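You will see two complexes here that share chain A, one where it goes with chain B and one where it goes with chain C.
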Partner chain A sequence: MTNPASSGTGGAVRFGALLLAMPLLLWLFLLVILPHVDLLLVSLRERISYGKYEFSLINYTEFFVEPLYWNTYIRTAVMSIMATALTLLIGFPVSYYIAKVMRGKGKNVLFLLCLIPFWVSELVRTFGWMILLRESGVISNFLQWAGIADGPVEMLYNDATIMVGLVYTSMLFMVVPLVSVLDSLDDSLIEAGYDLGGNAFTVTRDIVIPHAMPGIASGCIVVFMLTLGNYLTPNLLGGKDSLWFTEQIYTQFITRFNWESGSAFGFLLLVLSSMIVWIGLKLSRQTLSETVS
Partner chain B sequence: MIPSIPQPRFYKGLYAGYIALFFIYLSAPLIVVGVFAFNDSLFPSMPWEGGTLKWFFGSDGPYIGIFNDGKLLESVGVSAFVAFWVTLLSVTVGTCNAFLFERAQFPGKNLLYVVALSPLVIPGVILGISILVFSNAIANGIEEAIGWDIDFLRPGLFLVIIGQFAFITTITTLVISARLRKFDISLEEAALNLGATRQAALWTVTIPFLKPALIGAGIVAFLMSFENFNTTLMLVGSDAPLTIAMFDRLKQGSTPVLNALSLLLMVVSGGLALLSVFVQRDRNST
Partner chain C sequence: MADQFDLECRDVVKKFDAFTAVDSVSLTIPKGSFFSILGPSGCGKTTLLRMLAGFQTPTSGDILIKGSSVLGVPPNRRPVNMVFQHLALFPMMNVSENVAYGLKRRGADRATIEKKVSDTLARVGLPDSGPKQISQLSGGQKQRIAIARCLVLEPAVLLLDEPLGALDLKLREHMKVELKQLQHEIGTTFVYITHDQSEALVMSDQVAVMNAGRFEQVGAPQDLYYNPHTAFVAGFVGESNRWKGTVGMTHDDHIVINLPTGGAVLASRKTHPTLAEGQPVDVFVRPEAIAIDGQGETDNAIAAKVDNVLFNGAASSVQVRDKATGHEMTVALPQTGAFANLKSGDLVNLTWGAEQTRCFVAAENQEATA
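Then we have the complex of A and B:
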């Protein structure tokens, strides 16, 4: 026999927990799980006639048969990996400077300065790059004024420009985890490395980088995923030839109204993104929960 | 490497120079956007034609300033409307989730937690199309079954709000959970020992403790919603939020009215960002 009073409050607590769980369950099932299951189902069907569908793999075979599609897919993946690597290369020394070289107030100020640009909409930032890089833009004019170029230089609409924009947009998501992980590295470890005869290169390779690995992993994962799913930057800076996979998805859905094929593309992008995230987590021996917290 | 280890001055200077270059790279696009808001020319590009405030207040000819550009102002209103609802919903649900994950024990908790984090690793475009496909399936199902056309399940502001809510809730959940984890549960127990009801203890002890995180999460949610593009792009109907309206203008080529608008956005979101940093920092130190 249980104590009636305690079982009463136990029931109330359980009921309360259930009530608390309702928003979570509704959110996850209605907005995350079921839509993605439905996306998979739609990608696996073929439209026979108005309102009639049949199971088919045609949307996926079409993807592999049409070179434009999988070329764009591979290109997006490769450029995203390059952008991630570049962001890491550029961001690491900056994070190290903020975490280890700067002291006191200057450190906080520099860190905040790093963050502020990213509170501004990506659209505004990309607009800024367009003004800088276009034919009648600031840099083109500067080059002419300095006598380096004879006429207007068009720097928009090529892959290097897309890369500049992607690295710029991703920087925050690399710098924040790197600064926090480098902050936790004890200075005495670096000093010990030097005392034992190390130099800047060996200390960085054997002490700093192994210590920073969790931050490097979470930064790279987030940057890669955001780059892969980016639409604005390749579209505005790359122009018609940007060939980014999200644009293919948009075209299938909105321009051609071919939702079946668009869903297949979306699912393929999701698989690619999840796979790379999973590999990144495995390689760095982390879990998703650790990475985000 | 670190200040306590002597380095040749040349390397120190080189390093500082690199950092300076990095900050020029970070600030250059934002500075030019701001500066060209004051250029007396029809295009946001060189040459510099002298300063003007036309792109803020102008009302005649091609020189229509932002305060007289009805369409852009309307889209600001649409964005604010969307952001308001997304903030309200995502902070409320995020708070429930935080209590659930931090306080309750139930089977399948870890699995649910991973699923709750998953919107962070789903690209925004895909989240958008999956919600589009699913809501369309529901709307079609209802129409076939009972013949009603449920308008709000078709692309439009309702779906935009739902789509942004789907991933912003993950972020509010994380922010509020982090604060709740620091809460000393004995404070709540003390309140209960002193005769407070569960509700009174929650409202007078726990919620005030969470307040900085709630405000911080609210600001982040508002800004993320206001600036969201990818998910919104796939779900938008005839009422365009600001990012979509600006994107269309950018593609067509626009007057510097966009610079003026961007400058205002920078000032407001920069201010909100600083506010959120200070709200969360001051309380943390106590």
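Then we have the complex of A and C:
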């Protein structure tokens, strides 16, 4: 066996590698880098008159001057962090049960049960919640039938409902990395923890969670990003009052046709999510490369 | 009486559905001894150890540690600690945190923990390794840290689940001696399970040979080797030449065992007083009991041709074939190097005394397959 890279065919090999990487490079350039550069340029200009633009920071100053914008911005961030924390809190025991307690066939069945809801689109899943929770919905009718409520109960269009929807939508993205990271934890480590005098709490704190940290971090990053950028769930379950930042961006682009301002908001959202993920990684002492591997 | 024993099992049975993994095992282990459970994989030895540690509960029977029953006591409250097969050191902690883990769980204060950890690390010969990460340790060092992590808790009994299995041969030989030494120094009772007979023989005060969930024989290593009680023990502990045969004529001090191929082997009447004519038996002769072209006892004498010379230093042997019957046998070469130039095709005269032949009445099912 000779190493082809070291022989005279080096140029051809390099060309082959380039060809192989082409789809990735095209995707990165055309769908990630190019739009963002354009977004940045659009966000940094001001429309003077028809077809006439000038460099300006007005789109960004407008965001800080108008309380509704940055209130929505902060609210979206806080709600997303809460949704991520809740998803982790619910997802961790579920994943632990699937990965460490269940054995054999039941394990796959449970994992599949987590997966199945994601075979239908987010829109359909959200409509499912609406059917349950709306004024004329299943739960409202049941409460009236059981005599617990006197009249129709509206359970849609509040923050708790948004939270339920967001957690439900994100659950799979937390469970998958957690199950795989917990699967890789050797059972004898847990047994050793008990054998040396640990109880359920200390074994979880000292052995299971430190081992699961990369999975927790990657699950949280994915869930946070998805939640922060979610449009459908807050909009449908929260109604007009949901005040989600993606709705502000939508409004700027579609309703007001103000692409300059919309681009600025889009960029601010990108900065927000990058910042929070960075802070989260620093706090949990994880690195991005560890998390994605 | 009972508190003389650190560990006692009374008719312990463990069933998994229809399968009986451990079948009425009783044992008593005196304080400060090195007790090994030796058996092939799947014989139930790991299940037994896990019941001692508390990870599994016996279907019936009782386990007593220092004279009191520990049934219903969870693993974290039992005064036993376990060295796991793959050691199970916590990779998320450094060496001293690993050793300190158990003490912290007991709520010991900082100064005590620090002192005990450094004492224990010194005792296993790794006094400066405290701040190291587990991944920085070699196989043998990991081994010692795993033991230190248990010893720091001063358990009544230390359970070891084939901890040398993952080491390479050289290190395993070394750790064998070191483990025995360590046990001797600290005087803690060790219960060691292994499928490697040499580990069990070298290290133990007492060895229990386990097969199919039962103890076949419990005794000192010398006992098991020179005086096996069952065919399984004779075959499992040490090397043996093995034949099937039937008891033929019995003389005053000799019994003739007829082999199906026409040959015959003489056994001593003294060591087999109960054998009766016509019984099917398994016959065992140790390779080192057979002399080549030698003097001494010549109750059994066979002319054989050398098939293969298996040179392995002091443990060299030759595979030979009985010229008359075609039986294959293994014969140990004397360690003096007297037959160093033996080669395949050579003719040798093999002799051994009748008392070196061991016979066991063959079990029914073995007879059927023979």
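In this section, the second predicted complex is superposed on the first by the 264 of 293 C-alpha atoms of A that agree within 3 Å, B and C clash if a C-alpha of one lies under 4 Å from a C-alpha of the other, contacts with A are read in each partner's own complex, and residues count from 1 in each chain.
We take it that a residue touches a chain if its C-beta (ideal position, glycine included) is under 8 Å from a C-beta of that chain, and two chains touch if they have at least 3 such contacts.
Because the structure is a prediction, the values reported are computed rather than measured.
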{"item": "Combined model on chain A where chain B meets chain C, clash or fit", "value": "fit"}
{"item": "Contacts of A:Tyr194 with chain B and chain C, given as first, second, both or neither", "value": "both"}
{"item": "Which superposed partner A:Gly239 touches (first chain B, second chain C, both, neither)", "value": "neither"}
{"item": "Touching partner for A:Leu31 - first (chain B), second (chain C), both, neither", "value": "first"}
{"item": "Chain B versus chain C as contact partner of A:His211, first or second or both or neither", "value": "second"}
{"item": "Touched partner set for A:Gly106, first chain B, second chain C, both or neither", "value": "neither"}
{"item": "Partner, of chain C and chain B, that touches more residues belonging to chain A", "value": "B"}
{"item": "C-alpha centroid angle, chain C to chain B via chain A, nearest 10°", "value": "90"}
{"item": "Touched partner set for A:Asp186, first chain B, second chain C, both or neither", "value": "second"}
{"item": "Partner chain(s) touched by A:Thr202 [first = chain B, second = chain C, both, neither]", "value": "second"}
{"item": "Chain C versus chain B - closest C-alpha approach in the superposed model, Å", "value": "5"}
{"item": "Common ground on chain A, meaning residues reached by chain C in one complex and by chain B in the other", "value": "191, 194"}
{"item": "Of all residues in chain B, those that touch chain A in their complex", "value": "1-5, 7, 15, 18-19, 22-23, 25-33, 36, 43-47, 92-93, 96-97, 99-100, 104, 106, 112-127, 129-135, 137, 162-163, 165-166, 169, 174, 178, 223, 226-227, 229-230, 233-234, 243, 246-247, 250-251, 258-259, 262, 265-266, 269-270, 272-274, 277"}
{"item": "Contact set on chain A toward chain B in their complex", "value": "17, 20-21, 23-24, 27-28, 31-36, 38-39, 42, 90, 93-94, 97, 100-101, 103, 112-117, 119-132, 134, 136-138, 140-141, 168, 171, 187, 190-191, 194, 200, 203-204, 221-222, 225-226, 228-232, 236, 246, 249-250, 253-254, 259, 262-263, 266-267, 269-270, 273-274, 277, 288-289, 292-293"}
{"item": "Contacting residues of chain A [partner chain C, same complex]", "value": "186, 188-189, 191-199, 202, 206-207, 210-211"}
{"item": "Residue numbers on chain C that touch chain A, as the complex places them", "value": "53-55, 74-77, 81-82, 84-86, 88, 90-93, 101-102, 105-106, 149-150, 153"}
